[in-house]
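Chain IDs A, B, C, D and E follow the sequence of writing; residue 1 opens each chain.
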C-alpha cells in the first residue's frame, strides 16, 4: 500500500513536517519498535567485579564506535536504492501508452472492430500482468496460477491453451506482445488499420512497453550487489551493539570523565540508533518496491485500473465524441 | 508564487549574493521566524539545585549532540527532494507541444476548420487542467467542481454530460486525451488532416503529453518514503532540542571548561539551528511543488497562459503569415 | 565571456594545473580580492580591558566556528547549481538543428525557393533571439527594443507589424515558431516540400527547438529556491565572521593554549575563507549563466554565428555540391 | 552467476536484512576471509626493547591512520563504478527488441518466409554474441574460436567463409548487422516486407541494437581511469596496515592513555577493515560485470535465452494467433 | 593512449586490485613521482634558534592543516570531471551510426552507386575528423593543415576548393554535413534512394551525428569554470605545503606532545599527499580527454577505424550477402 502524504505537505508551515511525525502507517515507529525493545534490558545482573570489567569494555567500545563509517556508507547506499526504486516506478508498464493509438487507429464500430480493439488492449494488459506476477509478491499471491489469470478475464481459455503449447524454459511474458503485433499486422491486412504509419505507431508503442517489462525483469533479476547490502547492514548493527555497550551510563562514583550523570536510559544512543536504523529501513523498504510494505507500489490497483480504464477508452469511447460547439472565447 | 531572482544574480559581484539576504518573500526568515522564538525563553525560573542539575544535563547534551548525523542525512535528503521537484517542473504539461502541429496540420480557415482546431486545442488544455486539479491545491481551490471548469470555458456543457456518463472509479484526466485522438482520426477521414504522417505526429505528441500527466500523477501518488522524511525531521528537531539544552551559557562561576563567557543569547546555536532548519525548509517547500508556498510553481498562471497562447496560435495565427520579403543580408 | 582553457590542460604534467593558478580573467583572485581586504584591518584600537574581553570572545568563536556545516551545504549546493548550468548549455537553441533539413528538403534554386529557405531559417534564428532576449542580460542590452531586432536583420518591418498586432500578455518568443510551421505547411502545398515525411521532419525539429526555448525560459523563471541560496550564503559569511574574530592571534603572553605564535596575518583563516568563498563564487557565477561574468556563455556570439552559418547552409550551399570523384582508396 | 535475492527482501521486517547476513554465495565473507587471516599473526616474537619501540610506532600509526581519507574516496569511487555497472546492464543487446517487428512485418508462412525471418533473427543474435565474446571472459571461454560459434548454430559455414573474407584489423561484430540491413532491404524488394515504413522500423531497431553493442565495447575499452583505482586501492590497504600496527593492544602496564584493556584480538580494527575492504570489493566485483564473479551478469544465459525465445517468436508464433473470442467483460 | 585493464579485473580475487598497483603506464606513480621529490629536502640547514621558531611554526601549521576542506571539494570536483569525461566519450561521432542505413538504402552496385555510397560515407567521416581536429591535440598534430586531410584521403582536391570558398569566420565542421544532406536529397531525386522514408532516416541520423559534434565542440568551448579548478588546485597544494611544514618530526628532546618519534621521513604525510594529489591527477587527466595522456581517448584510432570499417560496410559488403541456408535448429 502506497503511503501518500503529498497533500498534507503542500505548504511549508510552522514546524512544517510535524504532522508527519504522528503517523503510524508507513512510519519509522512501526518499522523500528521491535528493534528498540532490545537495549532496554541489560546491566541489572552483574557482580561488582564484572561491573568494573564491563566499564572498561564500555569505555573501549565507546572510543571505537565512532570509527565505524556508518554515515557515508548509508548515505551512498540509500541514494543508490532510492534511485533504483524510482526507476522501477518510471518503468511500470501502464497500458495507457497504447490505449490512445488503439482507440483512434483501429477502425470499426461493429462487433469485429470492437473485438479487435478489446483483444489488442487485453494483450497489452496481459503482458503487464505476466511481468508483474514474476516480480511482485502481492500480484503473485493474487494470481498464483494461470487459472486465476483466466478467471480474472485477462486471458481466454483458448489463449491459455496456445500459451501452454509454446514451450520455453524461460519467462513467457513476451508471448501476448507477439500476439499483439501479429494481430495488429493482420488487422492492417484486413484494412481495419488503414495505414502502415498507424500500424508502425502501434508496434512502436508495444515495443516500448515490452522494453519496460524487460527493465522490470532486469531490476528483479540483478539486485543491488549482495556484498554492498551486507556491508551496510553489518556496519549499522555492529555500530549499534558497540554503542549499546559503550554508551551505558557508568557508575558516576568511579569518576570516569564525561560520565557524571546516570540517566538509566541512554537517550542519545537510542536516538542515534533510531536515525541510522531508520535510514537503513528506508533502504529495506525500497529495495524491492513490489512487496507488501506500507511504502510499496500498489501493483494490484495498477492492474485493475489499467484494465478498466483502457477497455473504456478503446470500446465505449471509440468515436463516441461529444458534439463540437463553439467555446466561450470564440472571437 | 514562484520567486524569481535570476536577473539579480546575473553577474557575480562584491559580496555577490548579499542582496538576496535582504529579501522577505520566499526567504528563510519568513519560514523560520516562528521557530526561532522558542529557545529564547528558558532558564529564568530555576532554583540553585535545579541549576546544578540542569548544568549537568546541559553538558551531557552538548557532548552527544554532535553525534546526531544531521548533516549527511539532510544533504542526501534535500538532493533527492530537489531532483524530484525539478523533474516535476520538467513534466508540466504545457500545451505548447501541440499548438505547433495543430496550427500547421489541421487545414481550413472556414468555421468548421477553426472549430476543429480550437476544440483539439481545448482538449489538450483540459487534460492538463484535470491533472493539475488532482495534484495542486491552488488549482483545486480555483476549480473546486467540474462546474467551475465548464464556467471557465475549458469544457462545454455537452462535453460535461458525456464526461459524467463515463463511469470509472479512477481519475478521469485521460478522457479528453481520448477525445482528442478520436477527433483527430475523424478529421483525417474528413480530409482536414491530409496525411497519415500528420495525424501520426498529432497522436504522438498527445501521447507524450498524456505521459507527462501520468508522471505528475505518479509523483503525487508515490511520495518520498514517509520513513525517510520522518528520520530527517526527527534528526533535525532532536538535534535542535539537544543543542537548546546543551549550549546554554552555564554560570561561569562554576568553572566548566569552555564556558567562560555568558552571552545570554546562544548566538552560534541559533545560527546552527538556522542552517539546519533552513535546509530542511528547502525540502518542506519543494516536496510538494504544487502548493501555495512562495517557491511553488504558479500553476494557475500556467493554465491561463496555455489557453490564451495556444488558442491564438491555432486560430488567429493559422495561415496568417507576414508577407515574405528579402532580408537585409540578401546576397 | 566564456573562459576556455581546455587546450592548456590537454596533458597532465608536473604540477599540472599550476599554469591555471596564474590567470586573472575568470579567476578566483578577480572574484575575491575585494572580500579579502576586509579582515586585514582590525585589532589595532582596543584598550587593555577590551583586549581581554575580545580574547574571550575570540576563543568562544573559534570553538564554535567549526560547528557551522559549511562544507556539505556548499558541496551539495554547488553540485546542484553546476548541473543546472550545464543543462542550460545543453538546451541552447542552436539553429544548426534545422539548417540541415531545410537545406535538403526545401527545393528550388530560383528566387522564391531561396526566399523560402532564408525566411524559414530566419524564423528559427528569431525564435532563439527572442528567448535569449528574455533570459540574458547581455543580449537584452544589445537588443533593448524590437527596433534593434529589426535593424539587425532578424525581422522585417512587415513581420514586426504582424508581431505587434498579436495581443498576448505573455512572452511572444513562440510566434516565429508558429510562422515557421505555417510557412512550411504552405511550402508543402506549393510543392516546394515534396513529401509529408519531409514536412514532418521540419515540424518535429522546430518543435524540439521550441521545447529547448521553453526549457531555457523555465530555468530563468524557476530559480534555485531562494531559501537554499540564503542558507548557503549565510553559512559561508557567518563562518567567515566567526573565524575573523576567532582566529585572531592572541597575545602570546596570556598563555592561551595553541596561541604561542603571533603572525599578525591569519594566513590559514584567510586561506580557508578563500576556499569556501571561492566555492560559493563558483555558484554565484553559474547560477545565471546568461549574465556578463567571465564564465558566462557568450550568447551574442551564438546568435551571430547561428545567423551567419545557417544562412550560408540553406542559401549559398543549397544543392551546390562539389563534383563527385573517386577517393584514393577506391578498390 | 547473478545473485538474486529480491524476493527475500520483498517486505521489511524485524531485523529485516538479517537473513542476508547468513548467505555465503556472493557474500562479503567469501570475498574477504582470506584477507582477514593476515592480521591475526603478529606481535609474538619481540624482545622487550623492540616492544617499547613497537609501541611508539603503534601510537604514531594510530594517530595518523585517521588522516587517510578512505571514506570519501571510497564513497565517490563506488558510486562511479556502480553507475557504470548498471549502465552496462541497461545496454545489454537483448534480441527482444527486434523479434516483435520481425515477427509482424516480414510476411510469408512458406519456407522462404520462415528462412528469411529466422536468418534475420539469427543475425541479430550473432551480433550480440560477437560483442559478448569480446567483452566477457565467460562467453570467451565458451566460444574460444569462430568454430564454436558455427557449431552452436549461430552462424552457418557459408556465413563463416564470407565473414572470414572480410578483411579488417578491427573487431568484426558489426558484420552481421550489415548483413541484416542488406537482407531486410532485399526482402523489401522481393515484397516480403510490404512497406518502407516497416523496413524503416527494422533498420532503426537494428541500429539501436548496434549502438548498444558499441556502448558495451566502449565500456570495455575505456575503463575507470587506472589512477583512480590505484588511489582508492592504495588508500584502503595503507589504511589497513596503519591500523594493523596502530591498533595493537599495547601492554596495559605501560599506562598509555586509552589502552587499559588487552583483548588480544583487535575486534574493531578488524570490523573497520571489514567495512572498507567490503566496500572496495563491491567495486572490484562490479568494475567488470562480465567476468565470473558471483555478482556478474550471466551472459551465457542471456545468449541462450535470446536465441530460443526469438526463434520461437519469429517462426512458430508468426501469424499463429489464438482464436479471438469475447472477453468476460464484454458489455 | 587509452589504458584498458578490464580483462585483468574480470573476477574479484585475493587482494584483487593488487595487480593494478604494479603498473607503470597510466599509473599514479608515473604522474606523481616528480611532485614527491620535493618534500624530502628540508630541515638540514637551520640554526638552533631557527629550529625553535620552525618548531612553533610547524605546530601551528599542523593544527590548522586539518581545517582545509580538501576531501569534499575534491570529491565533488572529481565527480563533476568524471561525468563530463564520460559524456564526451558517449558523444564521440562514430560513423557506424550511418553506415547501416547507407549500406541498405542507397541502391545500385554499379560505379555511380558505389561512388554515391562512398562519398556519403566519406562526408560522414570528414565531419567527424574536422571536429576532432578542433578539439584534440593529438589529431591536430597529425592533421595540422587541410592539406594533410586531403592527403589522407578524407577529402578530394575538388572538395577542398569548394570548402575553402565558403567564407565563414566560424568553425566549418558542418560543411560536409550539409553536403551529405544535399547529396542524399539528390540521390533521392535520381531514384538511388527509393523512398522518402529512407531519405528521412539518413537525414535524421546525420543530424544526430552533427548534434554529437556540436556537443563535443561545446565541451571544448565551455570548460569546467576556471574558479572551481583553481579552488581545488589551491586547496590541495596549500594543504600539501602546510603538511610539509607541520608534519616535520620535531626534536623529541623538546617534548612536544605527540612528537616522540623521529622517523626522518614523514611517511603518512607523504601518503596523504599521495592520495589527494593522485585524486587531483584523476581530474587533470580527464578534464581534457582529447590530449595525449595515458588515459585519453585514442581519437586517431577512432578516425582510422571509422574510415576503414565504414567503407567496407557501404562498398564491398553492399548487397553481398551469404547464401541463406537453414540453421541447425530448423524444426
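As a working rule, a residue touches a chain if its C-beta (ideal position, glycine included) is under 8 Å from a C-beta of that chain, and two chains touch if they have at least 3 such contacts.
Note that the coordinates shown come from a computational prediction; the quantities given were computed from them, not determined experimentally.
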(Q) Applying the touch definition from the top, give me the chains sitting in contact with each of chain C and chain D. (A) E
Q: Same or different, please, for the chain D to chain E contact, judged on whether over half of the interface numbers appear on both copies.
A: different
Q) Quick one: chain B and chain D, Cα centre-to-centre, how many Å? A) 38
Q: Report the inter-chain centroid distance for chain A and chain D in whole angstrom, where each centroid is the mean of the CA atoms.
A: 24
Q) In chain D, what residues contact two or more other chains? A) 31, 72, 75, 79, 197, 200, 281, 285
Q) Line, ring, star, complete or other: which one describes how these chains touch? A) ring
**Q.** Order in which chains appear around the ring, chain D first, chain E after it
**A.** D, E, C, B, A
**Q.** Touch list for chain E against partner chain C, complex
**A.** 31, 34-35, 56-57, 59-61, 63-64, 67-69, 72-73, 75-76, 79-80, 115-116, 118-119, 122, 135, 137, 153, 156, 158-159, 161-163, 166, 168-170, 174-175, 177-179, 181-186, 196-197, 199-200, 203-204, 206-207, 210-211, 214-215, 218-223, 225-231, 233-235, 237-238, 242, 280-281, 284-285, 287-288, 290-293, 307, 311
Q. Where on chain A is chain B touching in the complex?
A. 2-7, 9-12, 14-18, 20-21, 23, 26-28, 31, 66, 70-72, 74-75, 78-79, 82, 89-90, 94, 96-97, 99-101, 103-105, 194-195, 197-198, 200-201, 205, 258, 260-261, 263, 268, 271-272, 274-276, 278-279, 281-282, 285-286, 294-295, 297, 305, 308-309, 312-313, 316-330
